[in-house]
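In the two complexes that follow, chain A is the common piece, with chain B as its partner first and chain C second.
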Partner chain A sequence: MKERAGYLPGISEDEVAWQTVTFTRNEEVLEVAVPVLAQEQMQQLAEQIKNNSRQVLKTLAIGEIVEILDKAVAVFLDRHSPYRRKAEQLLPIVTGYDPEVIRHGLTSFLKTFRKPQLLRFLAEDLGNISLLDDFQPRAKGGFAKAFGPDLIVHVWAGNVPALPLWSLLAGMLVKSGNIGKVASAEPLFAGWFANVLAEVEPRLAGCLAIVWWKGGDEEQERSLLGQGDVVVGYGSNTSLASLRSRIPVTTRFLPYGHKMSFGLVTKDSLDARKAWQTAHAAALDVIRYDQQGCYSPHFFYVQRGGAVSPGEFAKYLAHEMECFARRYPRRALSLEEMAAQAAWRQQEELTLFSTPTKEILGDDARAWTVVYEEGAQITPSCLNRTVKVLAVDQWEEILPQLIPYRPLLQTVGVASAPRELWQIAELLGRAGVTRITSLGKMTSPEAGWHHDGRFNLLDLINMVDIESAAEEYAERLAPYVD
Partner chain B sequence: MVKFQGKVVLVTGASRGIGAAIARAFAAEGAFVIINYLQNELAAARTVAACQELGGDAWAIKGDVMSEGAVTEMIQQVLVEVGKIDVLVNNAFKPYEFDPDKRKLAWQLTWQDFQAQMDGALRSTHGLCQAVLPQMKKRSQGSIINIVSNLVARPIIPYHDYTTAKSAVIGYSRNLAAELGPFGIRVNCVAPGLVYPTESSRHTKEEVKEMIIAQTPLRKIASPEDVAGPVLFLASEWSGFMTGQTLYVDGGFIMK
Partner chain C sequence: MQQQEIINAILAFISDQEGSAEVFDQLALQIFSYQYKNNLPYQSLCLQKGKTPRTVKKWQDIPAVTINAFKEVTLSCGDPRQAARVFMTSGTTQGVQGKHYHPSLAVYDQSMIHNFKRHFMKDTEKIRMGILFPTAAEMPNSSLAHYLALAVQEFGTQESHYLVDSQGANIDRFMMELAQAEHTGEPYGLLGASFSFVHLLDELARRGKQFSLPKGSRILDTGGFKNRSREIALEEFYHRLEFFLGVPRTACINMYGMTELSTQFYDEGNDILPSVKSGPHWSRTRVVNPLTGAEVPQGERGVLVHCDLANFNSVTTILTEDLGVKVAGGFLLLGRAQGAAAKGCSLAVEEFIESGRGRVK
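Coming up: the complex of A and B.
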């Protein structure tokens, strides 16, 4: 099978050099042609998109843009549409994830971008969504309007399929032109979305582009990054650092780096009836995208004192992992990943003799590992369905453990009664956690969430104020002054 | 030592799903597996190849189990080529859309709906059994396994026509067991719960799967491979003193 990646308005296919990236899953082979633009072509593209952003996007009302995005998202939610079918067929080959994982993942992700959710997203950051259309009166006096940049450059990672949609849609919502660079690991979805958007509303056809260049191509990076008003980057801290070094100091840079998330299970959720449900939800968070997301759990803190002990919870979790291994099999690991798994396991086994309460559940033949420990320090997981269950008495105990990881903390999936939820939230907030959700929902952030504690839209825009002084002064110059 | 060396096993509807998993499991135990299929020649060829890779032998044979003529012809062909049939697994069934949201309600069903399922389940089973009986009787041995559904014991979703027809197959099997016991031929049923993934269950909603999982002690939905073990057991002499029984393969959802 062959597929073309990217979306290049105003440039015909034969004007571009193409490079092939080959993906295989089981016996299926997919050749993806990715575009390699010359530097002048990239410059032209950037100019063109900036122009279109000024002349087209900025003249549309935010309500119209929301309608258009809603229609495009609906295409990908329709299981019978050719684009959705293509996504369901090709993304498993590209990413290696099980087709069922992709199918459910796409639906649960895309449904957070329907019209009601997009409006909520806007309201969350802006309060009054008309701020994007006109100067709006401010309570303190004066007026303000939110202006999106002319060009946002996105540099995406390939860990979770379709993830580029977050920042791309945020860019469209602030009426900005967008150029996104897809990762070689998942070069397809963003291009498909751009094509659908252009089909749904041809006026937007020239307002965005999806490009590719080989990671580390400094010239290409420097030339495009210099054109953007804002750069949004996803990836490892190393790749973000190198990206930052190539961005002009006047350009706003929004980096989204590696994160560490975890689960927190209180004794209230460990009674005879709910213990299994809790383990089921926890396992779901682990198996979705094999822990590759920033919101995926690395470990679970489990409180002692429930009807089911933390050690027993670990065994419930292990059985759930085994059941999910059949229902949603883990993707095939690369050699490096297999070596990392083996090394991690070996390390854990070494300490088994000195710590009699420690248990390693699941053997080498299984596509998951659960480790149970008491009083242990937290460590990042080697991912791909590898988690630890750590027994805890009081939640205050965990704070000192979290502090060294402060810049990395993001999501915590919590199973607790209401009163404790607020106490835990306060504690976690102090530790640097930015998102608290329920177990089972860790990999599905709500529309309008504060990604890494920040504002998705506010960070992209400039507020322009008309101060009351200007308004009063203008009154003095009005032709109708008596 | 493989368990089914030298045995000939006919599995109907064996190109995909549960049937293919049963065929592969027999092949792994050294059986000669006849893979009956209706349409999907490519899938049947794939199952044949998988069986051969597993160390058994296999042969795909096209034939509509609903047609008496086709069934007789198919059995004749097998007997001419291979000489005998030791085990018959009636797994084929009439395509049925298992959609809990769009299923017909009791008062929307016509007799034609029931008739279609009776033809698909009972009539086809009857046809196959009749066709293999003479040679099984002659050899005073044979094992017939009919695949039904755990819905017969607990219609968690009332697919009236489908489940009624499967219930009829259980009644039919018990009578057949009573009649054929004296000839050394055993007849049993295997009743799986929801099996995923198969062509029929591809559109089962997650909510339904989760509801079933929550009520299943082993906490998962059956995979096609899970169904094969009990079928092999009923085909082997390990179950030599069992006939007229129904084994539920649903992780403990039904206990009886």
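Coming up: the complex of A and C.
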């Protein structure tokens, strides 16, 4: 099978050089052609999109934009639409994830971008969504309006399907032109979405582009990054640092680094009946995208003192992992990943000798591993369905463990009674965690969430104030002044 | 069996030209029992895998240990404080070097001598050697420094020299040596780290100097480039060795070894790349799926597992991070299994380690 990635308005396919990236899953082979633009083409594209952003997007009312995005998202939610069918067919080959995991994941993800959710998203950041259309009165006097930039450049990374949609839609909502660079690990979804958007509303056809270049291509990066008003970057701290070094100081840079998330299970959720549900929810968070998301758990803190002990919980979790392994098998790992997995697992096995309370659970083919430990320091998982269960007495114990890693923390999936939830939230907030959700929902952030604790839309815009002094002065110059 | 009995048995097997498969299997199982009993971290690892001397019936069943294990735990049957020599890995994880304890170097040395003679010296008794690596006195914990010292001691003529000192390669000395060799017409052996050769070749290119070493001259390089010099393609490397030194590629031998083993692997020249590597009769190499440990079909890529009976004090069977393919007569080495970086946006282990040291800004 062959598929073209990218979306290049105003440039015909034969004007561009194409490079092929090959993906295989089981017996299926997919060749994806990714566009390689010449530096001049990239410059022209940026100019064109900036113009269109000024002349088209900025003249649309926010209500209209929300309607358009809602229609485009509906195309991908409709399981009979050709685009959705293509996504369901090809994304498993590209990313290696189980088709059912992708199907569920896409739906739950796309649901957060329907009209009501987009409006909530806007209201969350702006309060009054008309701020994007007109100058709105301020309580202190004067008026203000939110202006989106002319061009946002997005540098996406990783293979979690459809993830680029977060920043792309945020960019559209603030009426900005967008150029997104897709990752070689998942180069398709963003381009499909751009095509659908242009079909749904032809006026938007020239307001966004989806491009590709080889990661670290300094010339390409420098030329495009210099054009953007805002650059949104995803990736490891190393790649973000290199990206930052190529961005002019006057350009706003919003880096989203790799994160570590974890689960937290209180003794209240560990009676004989609830413990199964808790373990099931925890396992779900692990198997979705095989822990590759920034919101995926690396380990679970489990409290002692419940009817089910942390060690027993590890076995419950292992059972659930085994069930999921049969129903939704793990992505096929590369030889390199397998070697890393074997090394991680053996490192755990070797410490069994010095830590007799430790237990390692997992099957022979090692489609998953659960490690139980007492009094251990936190360490990241090597992912692909390997987790640790760490026994804890009091929640205060975990704070000193977390604080050294403050900049890396993101989501915590919590299973607790209401009263404790607030106490735990306070504690986690102090440690640097930015999202607290329920176990089982770690991989599905709600619409309007604060990604890494920040404001998805506010960080993109500039507020323009008309101070009351200007208003008063203007009054004096009115033709009808007395 | 006691340590000395094990040592004697291995020495006898190394000297035994026949080296039958039955004896190999038998000895491998005896050493496994010995290591299982005396190397307690290894025992706990075996127990976790459900492998004991009762269930391990053939050498292929012996649980393999990852090279990282040498950094994590002490893998030694004898008291490590009594070790005659400790070799340490050059690579570190969080500043920890892997340690390989040798209660005696008798086995290591015999293994090296027999194998080196067969693959590098062949019919030559002694050769004048130039060594592109520091001495064993300068690097007492380097297995390669010991290996090269042994090569000089056993097979080098009196005139053999070290061409590298603590300041790096001594270029002038090197030029003199080669000119001398050209002049006398005596075969010359140049041995050392691959990265040192790269530096020297660059220097020869810069000076526009070319040598044509006498017939019978040979080269042994080892260790790859490891960020110590420019990474160059093997094809270019061997082409330049032949071009600048006049040693045919069939006489350019690459040795593949590691601190965690006591036996080395050689090819029969590097005319055709990648060259076929093989080990002696007291070692076996399998190409496996690293997760299941099962051998992959011939011709498919996998990770190399070496079973080296000369590793009597630590563990015989090592799971490497080297990718390879099994072929007739040995295996092809295809580089390191690197690049297992996170596919998504979740944190990778390396990044976490760095952040713990306060490097995340």
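The definition used in the following text is that the second predicted complex is superposed on the first by the 480 of 482 C-alpha atoms of A that agree within 3 Å, B and C clash if a C-alpha of one lies under 4 Å from a C-alpha of the other, contacts with A are read in each partner's own complex, and residues count from 1 in each chain.
Operating definition for what follows: a residue touches a chain if its C-beta (ideal position, glycine included) is under 8 Å from a C-beta of that chain, and two chains touch if they have at least 3 such contacts.
The model shown is predicted, which means the values in this text are computed figures rather than measured ones.
Trainee: Put chain B and chain C onto chain A via the superposition and say whether they clash or fit.
Mentor: Once chain A is superposed (C-alpha atoms), there is room for both chain B and chain C without a clash.
Trainee: Would you check which partner chain A:Phe253 touches, where first means chain B only, second means chain C only, and both and neither mean what they say?
Mentor: Neither partner.
Trainee: For A:Trp18, using the defined touch cut-off, is the partner it touches chain B, chain C, both, or neither? Pick first, second, both or neither.
Mentor: neither
Trainee: Is the number of chain A residues in contact higher for chain B or for chain C?
Mentor: Per-residue touch count on chain A favours C.
Trainee: Classify the contacts of A:Cys382 with the two partner chains as first (chain B alone), second (chain C alone), both, or neither.
Mentor: The second partner, chain C, only.
Trainee: Where does A:Arg326 make contact in the superposed view: on chain B (first), on chain C (second), on both, or on neither?
Mentor: First partner only.
Trainee: Quick test of understanding: once the structures are aligned on A, what is the angle at the Cα centre of chain A formed with chain B and chain C, as a multiple of 10 degrees?
Mentor: The angle comes out at 80 degrees.
Trainee: Is A:Glu100 touching anything from chain B or chain C once the two structures are fitted on A? First, second, both or neither.
Mentor: A:Glu100 sits against chain B, while chain C stays out of touch.
Trainee: So in the superposed three-chain picture, is A:Gly158 touching just chain B, just chain C, both, or none of them (first/second/both/neither)?
Mentor: second
Trainee: Of all C-alpha distances between chain B and chain C after superposition, which is the least, in Å?
Mentor: So the smallest C-alpha to C-alpha spacing between these two chains is 16 Å.
Trainee: Which residues would you name on chain A as touching chain B in one complex and chain C in the other?
Mentor: No residue sits in both footprints.
Trainee: Which chain A residues qualify as touching chain C in the complex?
Mentor: For this pair, the touching residues of chain A are 157-160, 163, 185, 234-238, 241, 256-261, 289, 291-294, 296, 298, 333-344, 346-347, 349-354, 360, 364-366, 379-380, 382-383, 404-405, 407-408.
Trainee: Using the touch rule from the top, collect the residues of chain A that touch chain B in their complex.
Mentor: These residues of chain A touch chain B: 100, 104, 276-277, 280, 319-320, 323, 326-327.
Trainee: Inside the complex, what are the residues of chain C that reach chain A?
Mentor: These residues of chain C touch chain A: 40-41, 43-45, 48-49, 65-66, 68-69, 72-73, 289-292, 301-303, 319, 321, 323, 337-349, 351-352, 354-356, 360-361.
Trainee: List the residues on chain B that touch chain A in their complex, please.
Mentor: Within the complex, chain B touches chain A at residues 196-197, 206, 213-214, 218-221, 223.
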